[in-house]
Amino acid sequence: MAKVIFNEDLCKGCELCVNACPKKIIEMDLSKINTKGYHPATIKPENMDKCIACGFCAMMCPDVVITVIK
Amino acid sequence: MAKVIFNEDLCKGCELCVNACPKKIIEMDLSKINTKGYHPATIKPENMDKCIACGFCAMMCPDVVITVIK
Amino acid sequence: MAVVFEKTKGLTDVPFSYCPGCTHGIIHRLVAEAMEELGVLDKAIGVASVGCSVFAYEFFNCDMQQAAHGRAPAVATGIKRVHPDKVVFTYQGDGDLAAIGTAEIVHAAARGEKITVIFVNNANYGMTGGQMAPTTLVGQRTTTTPYGRKPEVNGYPIRVSEMLSTLDGAAYIERVAVYDVKHIMQAKKAIKNAFLAQIQNKGFSLVEVLSTCPTNWGMTPVEALKWVKDHMEPYYPLGVYKNTLEEVK
Amino acid sequence: MAVVFEKTKGLTDVPFSYCPGCTHGIIHRLVAEAMEELGVLDKAIGVASVGCSVFAYEFFNCDMQQAAHGRAPAVATGIKRVHPDKVVFTYQGDGDLAAIGTAEIVHAAARGEKITVIFVNNANYGMTGGQMAPTTLVGQRTTTTPYGRKPEVNGYPIRVSEMLSTLDGAAYIERVAVYDVKHIMQAKKAIKNAFLAQIQNKGFSLVEVLSTCPTNWGMTPVEALKWVKDHMEPYYPLGVYKNTLEEVK
Amino acid sequence: MEERIIFAGFGGQGVLTMGLIITYAGMLEGKNVSWTPSYGPEMRGGTANCNVTVSDDEVGSPVIIEATSVVVMNRPSLDKYESYVVPGGKLFVNTSLVDRKPQRKDIEVYEVPANEIASELGNLKVANMVMLGAFVEATKVVKMETVLKALPEVFGKGKEHMMAINEKALEKGAELIRNMVSTK
Amino acid sequence: MEERIIFAGFGGQGVLTMGLIITYAGMLEGKNVSWTPSYGPEMRGGTANCNVTVSDDEVGSPVIIEATSVVVMNRPSLDKYESYVVPGGKLFVNTSLVDRKPQRKDIEVYEVPANEIASELGNLKVANMVMLGAFVEATKVVKMETVLKALPEVFGKGKEHMMAINEKALEKGAELIRNMVSTK
Amino acid sequence: MAKVLMKGNEAMAEAAIQAGCRYYFGYPITPQNEVTEYMSKRMPEVGGVFLQAESEVSAINMVYGAGGAGARVMTSTSGPGLSLMQEGISYLAGAQIPCVIVNIMRGGPGLGNIQGAQSDYFQSVKGGGHGDYKLIVLAPSTIQEMADLVQEAFDIADDYRNPVVILGDGMLGQMMEPVDFDNVKKTRRNLPEKTWATTGRGNREHRNVINSLYIDPPVLEKHNYVLFEKYKRAEQNEVRYEMVNCDDAEVILVAYGTMARVAKNVMNIARREGYKVGLIRPISLWPFPKEPFKKTVDQVKGYLVVEMSMGQMVEDVQLATECKKPVHFYGRPAGMIPEPSVMLEKIKQIAGGAR
Amino acid sequence: MAKVLMKGNEAMAEAAIQAGCRYYFGYPITPQNEVTEYMSKRMPEVGGVFLQAESEVSAINMVYGAGGAGARVMTSTSGPGLSLMQEGISYLAGAQIPCVIVNIMRGGPGLGNIQGAQSDYFQSVKGGGHGDYKLIVLAPSTIQEMADLVQEAFDIADDYRNPVVILGDGMLGQMMEPVDFDNVKKTRRNLPEKTWATTGRGNREHRNVINSLYIDPPVLEKHNYVLFEKYKRAEQNEVRYEMVNCDDAEVILVAYGTMARVAKNVMNIARREGYKVGLIRPISLWPFPKEPFKKTVDQVKGYLVVEMSMGQMVEDVQLATECKKPVHFYGRPAGMIPEPSVMLEKIKQIAGGAR
């Protein structure tokens, strides 16, 4: 199963990954504010299995927040 | 009859007019040195009637030494 | 478990100072990955210019110099002449490269200087607050074209890749964009080719990357990507403008 | 009796300071004649640059400014913006225009600045003793390329007309030569067209003139003309590179 | 009278605007005023703050080291500026985004949950106005009515639709202070 | 001993070379020497001249105002430099190209028809060598044999074929002086 | 027009327009970008020209062209940009072209930082470019004074046919204070007509030529003397300064620009503590005001020069005092503000007779 | 290698090569073209790089790159070119890059003329660029000394990680004198390894970064203090000057470079006429030699500073003498040589007690 790891404190909440994800499973975690003051991107655990490990989110992220493993 | 007038003291002896003249009637006056220290270009009186007033010498002269009238 | 994507060793641990969603970050990553994949990190010397990417010397994991505004190609020339066996690159914005640095980039290209230039065209001066750049589109509002760029007053945007391609010293010139994954992949290939042109001693190489400035354009990052596609790309056509590589990868 | 040829009123009485046979003099005359014939002498403002033609301000019979090395297009821009109804021109050598002044000429062209540039390409720096210029041919010996210009070290000569023609602001660009009467006549037509492009508010205009430097080339003036034809012209093809004139004269 | 005030927070929280409104109001009241922004080390994002002086005399140094009041809208600003308050001066803390208590005991501290109140008002963006209301009520540097006059000048055209909510936010902040027992 | 010499003429007459040869020869003889060219107002063409000092002491000012000798190869140079000669000093005039007499009475004047002699030798270009021969013979600033040693050094490679005629020209110039009654 | 709250950068731009400046050429650089941005908005409104040049080198040469063509013209920049303008500035001085150049100083050297600083004093006052020339350099210390001096600067420039520099710092550029444009303080002058300008010959008898080349040394020398005659006149007529509390002062603070405001505060504190402290604030940095030092040198124990730099104006103070009394220095570079407490300490030492 | 007759420009170029300089970037300008031309011939012979840049701006930034990459590197120019280099020079100083910059001065301001002059003193010594920095400035007065000082300059530059300027004039550049390269006078130094240079990381633990940006004011301030510590060390160790006949002198001439040679002549003449005249010749213009003035100030009646300018070094002499004795000035700009007769006249006046 694929796994997407967000280095949350680096996220700037730009939502480019949200936009890039073909499965539309990335969303902003409105319950959290990171040290930079942003709601970080996340994938809800229940959505993680929809991930096809295409790596698009990681390729799109301008802040190298995302690691994808399979 | 055409007439070519040289403003002798401005001549720098470059010989471009000599080269440009289709009738080959311009030559350097080795008997003279002008105030700039050059042998100025000239047309011998006996050659003047060969002039066709094409104005090539004047157009070629970089120092605007030459006036041509007809 | 296999790693599909992880951060390249070509970048340090210092977080980028760019605004949220600014594609400077993507371009940085591509350059760093290209260097890592080509195995040249230990012999790379980069030149940061003046602009939002001024701190690039903190981000690339190799030796770096910070150059005066517009002079990165001259600085890179100095470095390359001393270390002809090293891989030297500059990272420059459009104000830096296409305005104040015009003479330096034209002459580095004409000299066939064996350096690689990453040219980030975001159609304005990001760092200083969104002023007009030489690449600002006609009609585009910026802080110094509050009524929109008017050709009668400010003239026309410069197509740098096309202009530099007229020079015999240019070995590889390509214009790319990073507004979606497909184009990001193409951009990476272009950057690798540009480095290869240097490594193969072909001459000067440059990749022009159409980039965003959501902050000064007054758009969300996602809107900004779309603006690149809809407005910049038509005036700045993507493609390879010069290529003398032995084998195009 | 009819006057076939006499000195134009566009020139003052000051004798040229050029070396014997240097074609700077021919080009001066053509520019002055063009202005006289277009009837713009009383509203012309010229800009002399730094090079052998630095004293141009003494020769042209109109208001003149002397500009810093390479900056004539910027100076002309300042003048033209203040006097948009006047006719503003620069007279620049290849060191001035294509080396130190690269940014200024590229941006004047990109801005579509309504000025006329007379660009004298003599493949070296005349004034300072015959050093390499950006237009020096490959293999050509100069005082700073004593072993001949080597592309690996000094890169390739810049074709200015071609480069500037990539810019949207350029309205008229032509390359001409003055090595014989036929070409001199064509050069004059080109210079007139360039002024017309300005007068018609079309944008930026430039005429590149292949010129000689017998002194530093170590040739007689006649040999120098032949060298232009045999060596320069093949690398710098003559012709119109850009033309937006309403009616080509 | 000379009030030297520092407004500090993240970029985007509207701290420069808070300072500007006080400055403008001070000018309307015929005081000598001065407003100086300053940037943190990161030019993009990061912290933002401004120094405001409202004085009966000519304004001296535009840079404030000894502040009569400090307003902090986030945690890093508290860490940085707590020490700038003169003994007996006032410190305004946006408790919505600051997760620690001030340590100084020789100053008056006002705790204002600005984001929460703004959120109640239906627009997070007016948190700065809530704080400003509290600040004006507590310090009386300028009159509230002058602040209301200054508002349209500072916001300029195109923001008229925001006036009502801004005024409400100011009032909410002021109300809080009136109801508050200063936590000395 | 300190000799301060000005060589002057048109560009192309080889006046800088004349100066250089004397300077070089001075150095070979262990003297302190200095050679300074200077340009006229016109950079292209026009006048050329150089200042040469040959001295037993350290050379002071490289710019000569009070010359012990002046050599003029053309008329404008005579007009300009006649006054530079110190009383009792020497003035060498190339009469081939100078159509007036010097006016000074307090100096020694040497008239050398350099171009004519050179022309007799079959090469107008060695007029400067004729003059130099005369100069060395008259002033003895350096020995003629040292001049002959200096020649190949100054001219460098590729000019060996000129040596014979240069030497002959020097000798002709020197001979002229030996035969001459100085026209005081 | 009532008092308006404006940034220093904006106030200077508006003042220039009110002084009849219709041509502005510049290039963005922090901390003066507001000048450029204000001009880009306002110039089209008043029928003037705002042009963003491709570089500072280009900007200053556009100023040369426009100024030589007879226009009131201005540019503005900060340290690195001013360095790039040095050749152009030397040309402007040589060709006697009036113009106004604003330098809003930041920390240096090199790229340094963008904080307000005062380390470009030497560059402007002693001549950062080549050759013998002088710029008239004015240093405002309030936003109102920025507006006043910009207006005055255009007149001085035209009066002397010389570039005038407004030397501010990032603090002043960014700060907002109320400005009153109706009561601008400036000297009334009979300005000469610009008969020398290249406007196109038209019916004029002679050609006009703008030039700084005088290839013949005696001719260039004469030109140099002409320039220095002008400078002498400026030294007689254009000296500006402020003296506060100097009558009975035993210690005098010397500072300009932003630093003078801080110094004034410190002076007040020191007075309250019983020290007789005064302030000399040079407003014209060149010509440097010598008079206030002549007037006070006999009475004081010493001067304390404070600068936001490692010490530059201090040399001119030493020269002005003719070394008759100790001149102390305290400064901090990099946009750091010298500490009032340290200044106080030094004042006390000087009052106590420290040399 | 025996003594060779060389132009000053050539001697400097050869000296640089002998000092191990293998990289030269420059742009033609009279009166220093011989440096460029010599380098273009010689560098390929010794395996070095001569590159003609597209401008002086470019040249100085190539120097930055090459110097930052660890090379011994040099450029040369004259006034207008040096003005264009000011931004780059400020960066070099800020980023602590060693290099040698030659300025062969000509007449100014603007295009001026091509005669040798001394009017770029302020520009080099006080800082023509922005920000607080210092250049070490050496002024030779013979061709031999040009060769000596160029060699020394490279060592000083490396020792201090700072640009060093050789300030000559057109006269010195064009003049020929014998040079002996076998007996170059220079100080022996233990030069630090260039561990900071960007050479490509290789196996090095850390990345090397060349930079002058310190955006945080306290950090930039610390950097400024680091620079000024270095400058203090230079003030202690790098002062150079020549004193002639000062022991019994009542009047002392002060001059550098070409002017010092003329002054020496005048001194000799004056001595012959019975006046006790000496000469102080500063060789390092920065750090400026204060010592010779301290040593002589009590004994002399006055100093006469002579410059080929309108008066620039004279300010440093005034500061160095602490105004204890009159400092007179006589200068001529535009490449005109101050008249020996006038100098003599002034000497006599000073000897006679003129103030």
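Some observations on this one:
For clarity, chains are labelled A, B, C, D, E, F, G and H in written order, and residue numbers in each chain start from 1.
Keep this in mind: a residue touches a chain if its C-beta (ideal position, glycine included) is under 8 Å from a C-beta of that chain, and two chains touch if they have at least 3 such contacts.
Remember, it's a predicted structure, so these values are computed and weren't measured experimentally.
Between chain B and chain C, the least number of touching-chain steps is 2.
Distances between chain centres, each the mean of the C-alpha atoms, put E farthest from chain D. Spacing of chain B relative to chain F, judged by their CA centroids, is 36 angstrom.
Once the centre of each chain is set as its mean CA position, chain C and chain E turn out to be 41 Å apart.
Centres computed as Cα averages put chain C at a distance of 34 Å from chain D. Multi-chain contact residues of chain H (touching two or more other chains) are listed as 49, 51, 54-55, 57, 80, 87, 91, 95, 110-111, 114, 211-213, 215-216.
Counting partner chains per residue, chain C shows two or more touched chains at residues 18-20, 54, 66, 68, 99-100, 102-103, 106-107, 127, 134, 154.
Among all residues of chain A, those that touch two or more other chains are 12. Within the complex, the chain C residues that touch chain G are 50, 54, 66, 68-70, 95, 99-100, 102, 125, 127-129, 131-132, 134, 143-147, 153-154. Touching chain C in their complex are the following residues of chain D: 99-103, 106-107, 110-113, 134, 151-152, 154-159, 162-163, 166-169.
Residues of chain H that touch chain D in their complex: 27-30, 33, 36-37, 40-41, 44, 49-52, 54-57, 80, 110-111.
Every residue of chain C that touches chain A in the complex is listed here, in rising order: 1-7, 11, 15-16, 18-26, 29, 180-181, 184-185, 214, 220-222, 225. On the chain G side of its complex with chain D, the touching residues are 23, 25, 49, 51, 53-55, 57-59, 61-71, 73, 87-88, 91, 95, 198-203, 207-213.
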